[in-house]
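After this come two complexes, each holding subunit A, first together with subunit B and then together with subunit C.
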Partner chain A sequence: MNTINNTAALCRLALGQTLMVNQLLDMEWKFGVTVGTSEIQKVGNIFLQLKLVVRKGNSTENVYMELTLPQFYNFLHEMERAKASMECFS
Partner chain B sequence: MADVDAAKSLSGLLNGIAQKVYYNNSDITEELLKTELYPELPQEEFRALHEKMKGLLKSIATADMDHAQLEAFLTAQTKKQGGGGVSAEQAAALSRFWKSQRIRVRESLLAQSRWEPSLRGLSWRVDLQTATSRGDAAHSGPVALMELELGKVGQDSEFVCLEFDEANINQVLKKMAEIQESIDRIVHRT
Partner chain C sequence: MTRRRLTSHVNMAAALSSEDFNNLQLLLKAPSKDAVRDVCVQSHKGPSRQLTENMASTLSIPATQAAQLVRSLHVLSHHVIFHNLSSPEQILAVFPESFHSSLKNLITKILLENSPTWRTEAVSDQVSLPQLKDLNWRVDLVTGSDSISRMSVPTCLVQLKMEDPCPSAGGESVSTVTVELSRESLDTILDGLGRIRDQLSVVAGK
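For the complex of A and B:
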């Protein structure tokens, strides 16, 4: 919980600057099916790997994540909700 | 009575092995399992039992055996000569254990094969800047702040905060639509 409050506070501080920090510059993705692992012989699992290229100040940082399909759909759903919220004010 | 106790101890042992090997519970150790479940058994005998059960569980989990495969496997194990086989009671305990834990063990193994952090959660808010010290708030539209909670199995979460204006968010949604199309192509093909 403390970490959440700290990050939110940092974001509020960041907004006071003229440049947008932590701006998403690019999103790359890789998607496929895992057919086997060293721990399970036969698998048929969809994987989705995302690489977010984020601007932090003057440099960029890559953030990597791997999503299950439900996580991807949840992410998409929240993005659409955020966009809908923004449209109320533009 | 003795049979019921033996069955309970063996179930406890299988669950303890699963906790340690598959569910990342570092509190469970071999010594703890011996003390709690088999206090009277000589050390060497317990070790052998522990290793045998661990090996059998590994074989079952690696193949993600269904009911038919499990029965065939356990029958073969009970027929083995010498000390390498299992008793009928042990086979029954393994069968009961796998019926209830198969899905959870599989999920855990799949999660362990994901080496990048996964998206554990996310929250967002949309802000409207009404004024800035530079006086240029007029041209700024709504800004979305999104906090992603990322983490790997067994590790603490890391939080990444991203900002989007309307153009950014449309770009991201466009990319996500491309991903969605790819998913639909594969899912419909299978």
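For the complex of A and C:
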């Protein structure tokens, strides 16, 4: 029994050590409304900013980006499709 | 896209002066209404030597006057966009009483025609973090590694293409990041995106 448990634990450890390239570690976000710009006094568009923390070798890199609402919904849609694809393997 | 908008921000702060309106009346020398239209649209983008030279020859005026006219048109069109002047009355009110009446009407018409496009451009060009332009993904099944010879673990690669609308001088405007996500990470991301979606619907509902 112990041998089986230990093997399972070792396998999980080994799996956890499998190479991952640019592994995504964390995602932070904020969103709000653009009130005005130097070109337009009153704007009123919603913006969404994402920060992705990516493991690069031994250190991490932060990737910042901005999305419009349509881009956000597309991102969400694509990630749902990716998840559905992943679930084919379970 | 390599437009440089630095000067437009400097000019934006300037209100229209009587000197600007004097410069605008140089447009009376234009050979046609289409020439006036062309000059207005080109000036909105910003000054350039080519534009000044073309305008000087089209209007048969010295280059210095052409440059001043470009600047005044630029200030006017950006003033209209900044304050969102969207009716003829609002734009006509910018001009002094003494301004040539037909020219005033023509310039107003041209500004009204182009405002929607210019406003959309201003919104898409505004100061921003790199914008997500394209997203591609791939799901792989990892069947072996240096730590385990036989395995069956799905993993997801996501490639994000970002474009910086205002890259710094010498900087690249398009960058690509590819990240790898485990199933757990993807679930966490979807959880986060779901929460964003819920928060957004609260904001949109207000």
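Operating definition for what follows: the second predicted complex is superposed on the first by the 72 of 90 C-alpha atoms of A that agree within 3 Å, B and C clash if a C-alpha of one lies under 4 Å from a C-alpha of the other, contacts with A are read in each partner's own complex, and residues count from 1 in each chain.
Basically, a residue touches a chain if its C-beta (ideal position, glycine included) is under 8 Å from a C-beta of that chain, and two chains touch if they have at least 3 such contacts.
Note that this is a predicted model, so its numbers are computed, not measured.
Asker: Following the superposition defined at the top, how do subunit B and subunit C come out on subunit A, clash or fit?
Answerer: clash
Asker: Under the contact rule defined above, give the subunit A residues that sit at the interface with subunit B and also at the interface with subunit C.
Answerer: 11, 14-15, 18, 20-24, 27, 29, 31, 33-34, 37-43, 45-49, 52, 54, 63-69, 71-72, 74-76, 78-83, 85-86, 89-90
Asker: Okay, in this complex, where on subunit A does subunit B touch?
Answerer: 3-4, 7-8, 10-11, 14-16, 18, 20-24, 27, 29, 31, 33-34, 37-43, 45-49, 52, 54, 63-69, 71-72, 74-76, 78-83, 85-87, 89-90
Asker: Using the touch definition from the top, list the residues of subunit B that touch subunit A in their complex.
Answerer: The contact residues of subunit B facing subunit A are 61-64, 106, 109-110, 112-119, 122, 124, 126-129, 132-134, 141-148, 150, 157, 159-166, 168-170, 172-173, 175-176, 178-180, 182-183, 186-187.
Asker: Mind listing the subunit C positions that touch subunit A in their complex?
Answerer: 8-9, 12, 78, 81-84, 119, 122-123, 125-132, 135, 137, 139, 141-142, 145-148, 151-158, 160, 162, 177-183, 185-190, 192-194, 196-197, 199-200, 203-204
Asker: Quick one: in the complex, what on subunit A touches subunit C?
Answerer: Against subunit C, the touching part of subunit A is residues 11, 14-15, 17-24, 27, 29, 31, 33-34, 37-43, 45-50, 52, 54, 63-69, 71-76, 78-83, 85-86, 89-90.
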